[in-house]
Amino acid sequence: MPMADWLRGGRNREKVRDDAAQWVKCPSCGEVLYRPDLSANLDVCVRCSHHFRMHAHDRILSLIDGDFEEIARGILPADPLSWTDKKSYPQKLAADAAKSGMDEAVLCGFGSIGGYELALGVMDFHFRGGTMGSVVGERLTRLIEAATERGLPCAIFTASGGARMEEGMLALMQMAKTTAAVVRLKASGQPFLTVLTDPTTGGVSASFAFQADVILAERNAMIGFAGRRVIEQTIRQRLPDRFQTAEFLLERGHIDGVVDRPNLKPTLERLLGYARAGMQRRKRAELSA
Amino acid sequence: MNPLLEREKGLLELERRIEDLRSANEGQRIDMSAEIASLESKYRQLLAEVFGSLSPWEKVHMARHPRRPTTLGYIAGLDAFDELHGDRMFRDDPAIVGGFARLGGHSIVAIGQQRGRDMKENLARNFGMSTPEGYRKGERLALLAQRFNLPLVTFVDTKGADPGILSEEHAQSEAIAASLEVFAALRVPTLCVVIGEGGSGGALALAIADRVLMLEHSVYSVASPEGCAAILWGDASKADEAAAHLKLTASDLRGFGIVDEVIPEPLGGAHRDAAATVTRVLDRIGAVLDLLESFSLPDLLNARYEKYRRLGSWRDSLATDGAP
Amino acid sequence: MPMADWLRGGRNREKVRDDAAQWVKCPSCGEVLYRPDLSANLDVCVRCSHHFRMHAHDRILSLIDGDFEEIARGILPADPLSWTDKKSYPQKLAADAAKSGMDEAVLCGFGSIGGYELALGVMDFHFRGGTMGSVVGERLTRLIEAATERGLPCAIFTASGGARMEEGMLALMQMAKTTAAVVRLKASGQPFLTVLTDPTTGGVSASFAFQADVILAERNAMIGFAGRRVIEQTIRQRLPDRFQTAEFLLERGHIDGVVDRPNLKPTLERLLGYARAGMQRRKRAELSA
Amino acid sequence: MNPLLEREKGLLELERRIEDLRSANEGQRIDMSAEIASLESKYRQLLAEVFGSLSPWEKVHMARHPRRPTTLGYIAGLDAFDELHGDRMFRDDPAIVGGFARLGGHSIVAIGQQRGRDMKENLARNFGMSTPEGYRKGERLALLAQRFNLPLVTFVDTKGADPGILSEEHAQSEAIAASLEVFAALRVPTLCVVIGEGGSGGALALAIADRVLMLEHSVYSVASPEGCAAILWGDASKADEAAAHLKLTASDLRGFGIVDEVIPEPLGGAHRDAAATVTRVLDRIGAVLDLLESFSLPDLLNARYEKYRRLGSWRDSLATDGAP
């Protein structure tokens, strides 16, 4: 589907945009930013380079050359535990859908970056805090399986508060399900890349996020398994500000690199270039064998 | 304090009195058999009252019962066990125990999470919450099972991952993620038994398996009820409510297809007859291993993939027009 | 060859025995021990269980059921660097041969432990401090290759001060050569076991010693890469006594277990039993495929 | 203090005087070309005197020369470099640098040991002595080359393994041993260049390769001459003597079959024309990669095995009767 149509496609993105306040204050430097300018700058503060959390559609728009072939968009959440606390789970889902313009916490599909075709999954923190339930797991699994079948590299942008409580153990099992798919992707020889964005924690952090061949993180993203508050409550002391930041993880050797948002597309292009070169070597070897 | 201990007090009192009467009765002229039988009947009634139908939150306490058999209890019941240690790099995490073992005709590798059976052991074993070094030890032993071409059996009993600074600094996420990958891909039959508390990603790190068995009163949850209540409602004291919501009991999980078999416990819980429980669990492990050994490796790996591939619950709004 | 003949075979073991003092003082508890009694007790002090360094022949005798089929015994050291300092390299070799009853620092061959056939290599610290030169590398490589060909597990007892200086880079390359053989052994599905005895350091420690599937160590053995003195000179402080002991390494997760010498044979028997069970599973799978 | 720096002083003084004369000569009426030519001839004579024939111990100093091009110098000459970090567990060791790279038509993974180019950088990079985390980073990047199916190029320049407490505590032996295993088994073409000092197991951890190239004045040794002298004679000051014994020069190692190709350096050493050296080395890497790409993977792996299989020197006293 052409990108422009896809962006509108049933997701009330425009409406969301209209409703939103046109001015936003940078939480890092305090600068008041005009929202269209902020969007034009990839949601990065022009003054201090603070990286705002990005909407999945905007992310895809910022990366993909031409059109984006979305897959698994018909996969929508059910309510397996008939969960109700203050509100029912379906009510929570509907509220987040209206607020975020998303119908779940991930978008998956195929497109090209700098001429390199790939499978791309982008999580969105604005829908249920990017939590992973059955739909996130199922969409990503279909993406990874499709990448394996089509013989393409797969990249996933993570943003998640962890597993979605309202789906209980079915949410936890999505870690196992996506892992199984990643194992097959890797066995097929296709590279797997992740970009960890703010925040990436819990069950997403402890599964596909850290299973990639190359793991990048956006500057200053908060990344970890246990939440900061949980650790602070356990050890009864305040953690240093840098703890669990992308930069901290880089020093500690957990990730391959920290990238500023404007550099992400060129960086991915170069990585996909190396992946392509490796695939060409493989094809040459197969031809001469 | 585990509230089950409080509720068991009456039972224990009764048990003691029956025992007293019995020994007093021996070699005495006055026959007190009738009194003993009456007390025994009362005991069974009380037992059924206290334990006949447990709420999810009560099952959480059953799973955490200090006298409930732990991994080392099951290992002690194996026909042989040769413990192996360490992650080869940094530390031997005592919250994970593993090694070669024999069970009936099967040579296997066994790995389990080991919580403490008292406060001192709990401190030594970090309450069964493994650190990244523990997952890496587990991962190494799983790969060793593959190297030796032996089935892998795991015992799950952990509150979850360790919420500590060092564990984050040593890449806890990576350690769990890598363990999942190894278990998903392992080229030998794998079997997991949830024997106590299966807490979140920390449990799952050892729990991807061809067959997942679960003791009747064990629990296995996406988050601890306390953690879930804190996350959703900012109030850990609503854990009982969260426990009810989370569908964390063995029968719930059997219904979802997450657990393949529920192993019954003695009335009152595994700890009331630990020896019988251990025997029953090991019998079931042996029988399931027999079954798993009847499949070819490719069939096993395909079935493992399909089993996890199916898990989840969603609707497909475009299914009618043949969308992906 | 029958074990008794083999033990005598050209190696002057008896002569060495005759020449040796009949009494030895335990360096750990000070007890004065009668050497034949000590030998009968596997070179373990009856009073404090101090483990004396064992001769390779005695080690093999203590482990192997019946006969030992030695291989590669014709492989003897050359002098590729024409090394001479206070003495020439050949003179040093000759002196150690006379003193130790060994013609090089390792014995390799096939035998059975508790009915389980295996390839067994045993290093001996009494010859050139167990240093690895071309002969140690070549004999062990032949052993590992033969294990691969015959489809048998391989176990190596290490005892080494590291690479042998007098063979320069050719000594270092034995790390690469044995590694290559270990890779093929493992690829064939055969288990590889090592038992680290006092001391195991340098190039042996940093190659096959730590490449095994299961790594055991004898109690109180000193094990590490850099020597204790080198580290102490570098950091200019004394190291704790436990540093680099087998027990220290066990705590640090480097090794699978620490074993008392009397338990070694039964432990190896059980490990070989697991290995046999795995091989039988493989054969059953091949038959039914 | 590197003694070569002392000996280079006269040369540098002469260079300065020639340069002064040259600039003075420009636009002057009196022609000093003859004087300049005479000085230049004297300079070439001195250069040949000082560097024409280096002893092994002098080559050690050449290999350690503070201005000798390091891994980062060669990486800067590549057509593209995307650095990757960390061992995924514990630390990003700055003594090992690596990442994806392009060189002419080749996409590769490049890994090198990086010593400091001044004291400050040496402290940051631990004088190029990697810790276990560094070997594990190297091992990870080597496996990444295999995952991406790209040739691997390594640059060796290290005094050796780190003789520190933490490195022992983090299982330095295991880290080197595991790296050797990965490099020996790697299913892509591999190429190693010894650009400076190749010290012992620390160097070998990155140096098992299909082709090992070595700069003319580099050294590669089973132990540092100082270490060897200390081990054998209890006197590190006899390092020059040890250097002569150890046969650690490029031509010695070419003779043993340990090094496949010696890359010539400018007279006076690589640092006297770093740019030309870098270009020459990268040209050779490109050409050798072209060659390696002409082999099938099985042929490559067999040849790699056979190459290391042959190394060593022994006599076979039973060879005539066909013993093993």
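We call the chains A, B, C and D, going by the order they appear; numbering starts again at 1 in every chain.
Going forward, a contact is a pair of C-beta atoms (placed from the backbone, for glycine too) under 8 Å apart; a residue touches a chain by one contact, two chains touch by 3 or more.
Keep in mind that this is a model prediction, so the values were computed, not measured.
Chemist: Spelling it out: a chain qualifies if it touches subunit A and also touches subunit D; which chains qualify?
Modeler: Touching subunit A as well as subunit D, we find B.
Chemist: Of all chains present, which has the mean Cα position farthest from that of subunit D?
Modeler: Checked the centroid distances; the maximum from subunit D is B.
Chemist: If you average the CA atoms of subunit A and of subunit B, how far apart do the two points sit, in angstrom?
Modeler: Here the centre of subunit B sits 33 Å away from the centre of subunit A.
Chemist: So the centre of each chain is just the mean of its C-alpha atoms; given that, what is the distance between subunit A and subunit C in Å?
Modeler: Measuring from centre to centre gives 52 Å for this pair.
Chemist: Calculate how many whole Å lie between the centre of subunit B and the centre of subunit C, each centre taken as the average of the chain's C-alpha atoms.
Modeler: Here the centre of subunit C sits 42 Å away from the centre of subunit B.
Chemist: Mind pulling the residue numbers of subunit B that touch at least two other chains?
Modeler: 88-90, 171, 174
Chemist: Where in subunit C do residues touch two or more of the other chains?
Modeler: Within subunit C, residues 210, 252-254 contact more than one other chain.
Chemist: If you connect every pair of chains that touch, what shape comes out? Choose line, ring, star, complete or other.
Modeler: other
Chemist: Pairwise, which chains touch?
Modeler: Listed by label, chains in contact pair as A-B, A-D, B-C, B-D, C-D.
Chemist: Spell out the residues on subunit D that touch subunit A in their complex, using ranges where they run on.
Modeler: Answer in residue numbers: 80, 82-93, 100, 107, 133, 137, 144, 147-150, 293, 296-297.
Chemist: Quick one: in the complex, what on subunit B touches subunit A?
Modeler: Residues 161-165, 167-169, 171-174, 176-178, 180-181, 184-185, 200-201, 204-205, 208, 220-223, 227-228, 230-233, 241, 245-248, 252-253, 256, 258, 304-305, 308-309, 311-319, 323-324 of subunit B touch subunit A in their complex.
Chemist: Which bits of subunit C are touching subunit D when the two form their complex?
Modeler: Of all residues in subunit C, those touching subunit D are 71-78, 80-81, 83, 85, 133-135, 137-138, 141-142, 146, 163, 165, 167-177, 179-184, 187, 202-203, 205-211, 223-226, 230-231, 234-235, 239, 243-244, 252-254.
Chemist: Of all residues in subunit B, which touch subunit D in the complex?
Modeler: 88-90, 132, 136, 170-171, 174-175
Chemist: What residues of subunit A sit close enough to touch subunit D in their complex?
Modeler: Contact set of subunit A toward subunit D: 186, 189, 191, 210, 213-214, 250-257, 267, 270-271, 273-275, 277-279, 281-282, 285, 288-289.
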